[in-house]
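In the two complexes below, chain A is the common chain; its partner is chain B in one and chain C in the other.
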Partner chain A sequence: MENDMGLIVKTMARATIPLIGIFGAYVVSHGHLTPGGGFQGGATIAGAGILFLVAFGLNEAKKRYDKNLYSALEGLGGLAFLGAAMLGLSVAFFYNILWRDKIAFAGQPGTLLSAGFLPIMNLAVGLKVFTGLVSAMMAIALFRRWKK
Partner chain B sequence: MGFIVAFIWSFVLWLVLTAGTKGMLWSPQEIVAGVVFSAIVAYATRNIIGEKTARFLNPIRWVEFAIYCLGPLFWGMVKANFDVAYRVITGKIRPGIVRVPVDLENDAQYTILSNSITLTPGTLTIDACPEEKALYVHWIYVKEEEPKSSEPVSGSFEKWARRLGR
Partner chain C sequence: MIAPEFFYSALIIMIGAFFSVLRILLGPTVPDRVVGVDTLNTLIVAGMVLLGAAYDRVIYIDIAIVYALLSYIGTLVIAKYLQGGLK
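Here is the complex of A and B:
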């Protein structure tokens, strides 16, 4: 069954999927500096996955999609968020010890390596949202069929 | 090879996005983060970006792209927009779909030509058929019903597309 788009859409998708991916990574990693953050960036990267599915078709996407890998990465994102939140548990839950005690990510505010655990949490949420949305979309796309 | 092409493409975009973090240039931490994220994106998309894309890393190709976008393509867009404004005011239209035979070899050439035709108003690419070496174009004012080449539809764009995508 042929369920992919034509040649022009496919060629443009080849060029724009890395573009969407790097823009999503930019939004996620600059979540503490510019508008956006984990959810917005993760949803942007998931858009690249949806573009891949729509442009290249379900058969091609099925070959590239690994259920166990995406499931594990989604769990890893949640665990990384929780781990960052528990770093300052000696004082309080969600206590930003990386920033208060100048351990890591403690640069000048406004630079990339600042804001303590916020960049870690943004990356964790971005990973979780990306893998979760792509998994949900693949599950819907693979749902048996219209007829019968 | 696909990894290197995807890496350079994403890293250039990262540099464009983060320009101005240290004066007008980039702070070292942004560049390191860019290398890391570009490597991740490039690893994920190394099989998607396509075969033989390394030819687009040739700087001569970039100069040709810049000349094409600022010269023929921009001029064609300006001319065609005035032409469509004229057709909107006077209502002189004769729409139709024509089959345009083209002499192109690879996907990139078809994509460049189709997008150029769509960007110049009055013509809209509907489908590209590489197996019959033709484009199907919706034309707002059909001058030739069965064109022998792409010359009446798109002017010199086919020559440019053949050169840019080779």
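Here is the complex of A and C:
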């Protein structure tokens, strides 16, 4: 526990990490209404991961981080994006059949449940970016420190 | 409706940001530059809020919130590096 930061930083990180996570989830889920979207929200949530690593140190982050889970979630995000893109394959690739045929997510434009497959794609990209960035950050932080 | 007084206040913020950039360029030691960057982050957040009010767009405030949250992490990472890094 010698590589964590002081008490003030840790207490503030306890308060700030949920705030950043919730705000990142807001940016991801409102990607079709407000500025931002999958990548920006995912990078914001990954900022919470960076804050966790910096504030609580490498040992604590290594206990919380599961390589296989994050790798699987990153693949799942990519597959969900591709699956949403192939929903309307009977007409064309990336054909927004959820919106055109009023199946789901087909509310009034401007509301949260509108825009067809775009919220699904934003969630998929957000998941992929968050897990990918956290995995890359942990790989860099653990570089040549595996034995300890 | 574009309100001009918010542009004037953003201009004042910009003058303050210019002095902080001057400190980043001239700062003799590294902590001087870090404090300069931290000041510049806060001034940029204030400028973003003022410009969001000037252009009368509520959604611009979201970007200021994200910037305020993430600039804090950037300063924290530099501070951690200066005090010895992830040993």
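The working rule: the second predicted complex is superposed on the first by the 143 of 148 C-alpha atoms of A that agree within 3 Å, B and C clash if a C-alpha of one lies under 4 Å from a C-alpha of the other, contacts with A are read in each partner's own complex, and residues count from 1 in each chain.
Operating definition for what follows: contacts are C-beta pairs under 8 Å (C-beta built on N, C-alpha and C of every residue); 3 or more make two chains touch, one makes a residue touch a chain.
Note that this is a predicted model, so its numbers are computed, not measured.
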item: First, second, both or neither for A:23, with chain B first and chain C second; value: both
item: Contacts of A:42 with chain B and chain C, given as first, second, both or neither; value: neither
item: First (chain B), second (chain C), both or neither touched by A:116; value: neither
item: Partner chain(s) touched by A:58 [first = chain B, second = chain C, both, neither]; value: second
item: First (chain B), second (chain C), both or neither touched by A:31; value: neither
item: Contact residues of chain A, present in both the chain B and the chain C interface; value: 19, 23
item: Chain A to chain B touching residues, read off their complex; value: 6-8, 10-15, 17-19, 21-23, 25-26, 29-30, 52, 64, 107, 111-113
item: Residue numbers on chain A that touch chain C, as the complex places them; value: 2-3, 5, 9, 16, 19-20, 23, 27, 34-36, 40, 44, 47, 50-51, 53-55, 57-58, 141
item: Footprint of chain A on chain C - complex, ascending; value: 59-60, 62-63, 65-66, 69-70, 72-73, 76-77, 80, 86-87
item: Chain A-facing residues of chain B, complex; value: 6, 9-11, 13-14, 17-18, 21, 27, 29-30, 33, 37-38, 40-42, 44-45, 47-50, 53, 107-108, 110-111, 114-115, 125, 127-128, 130
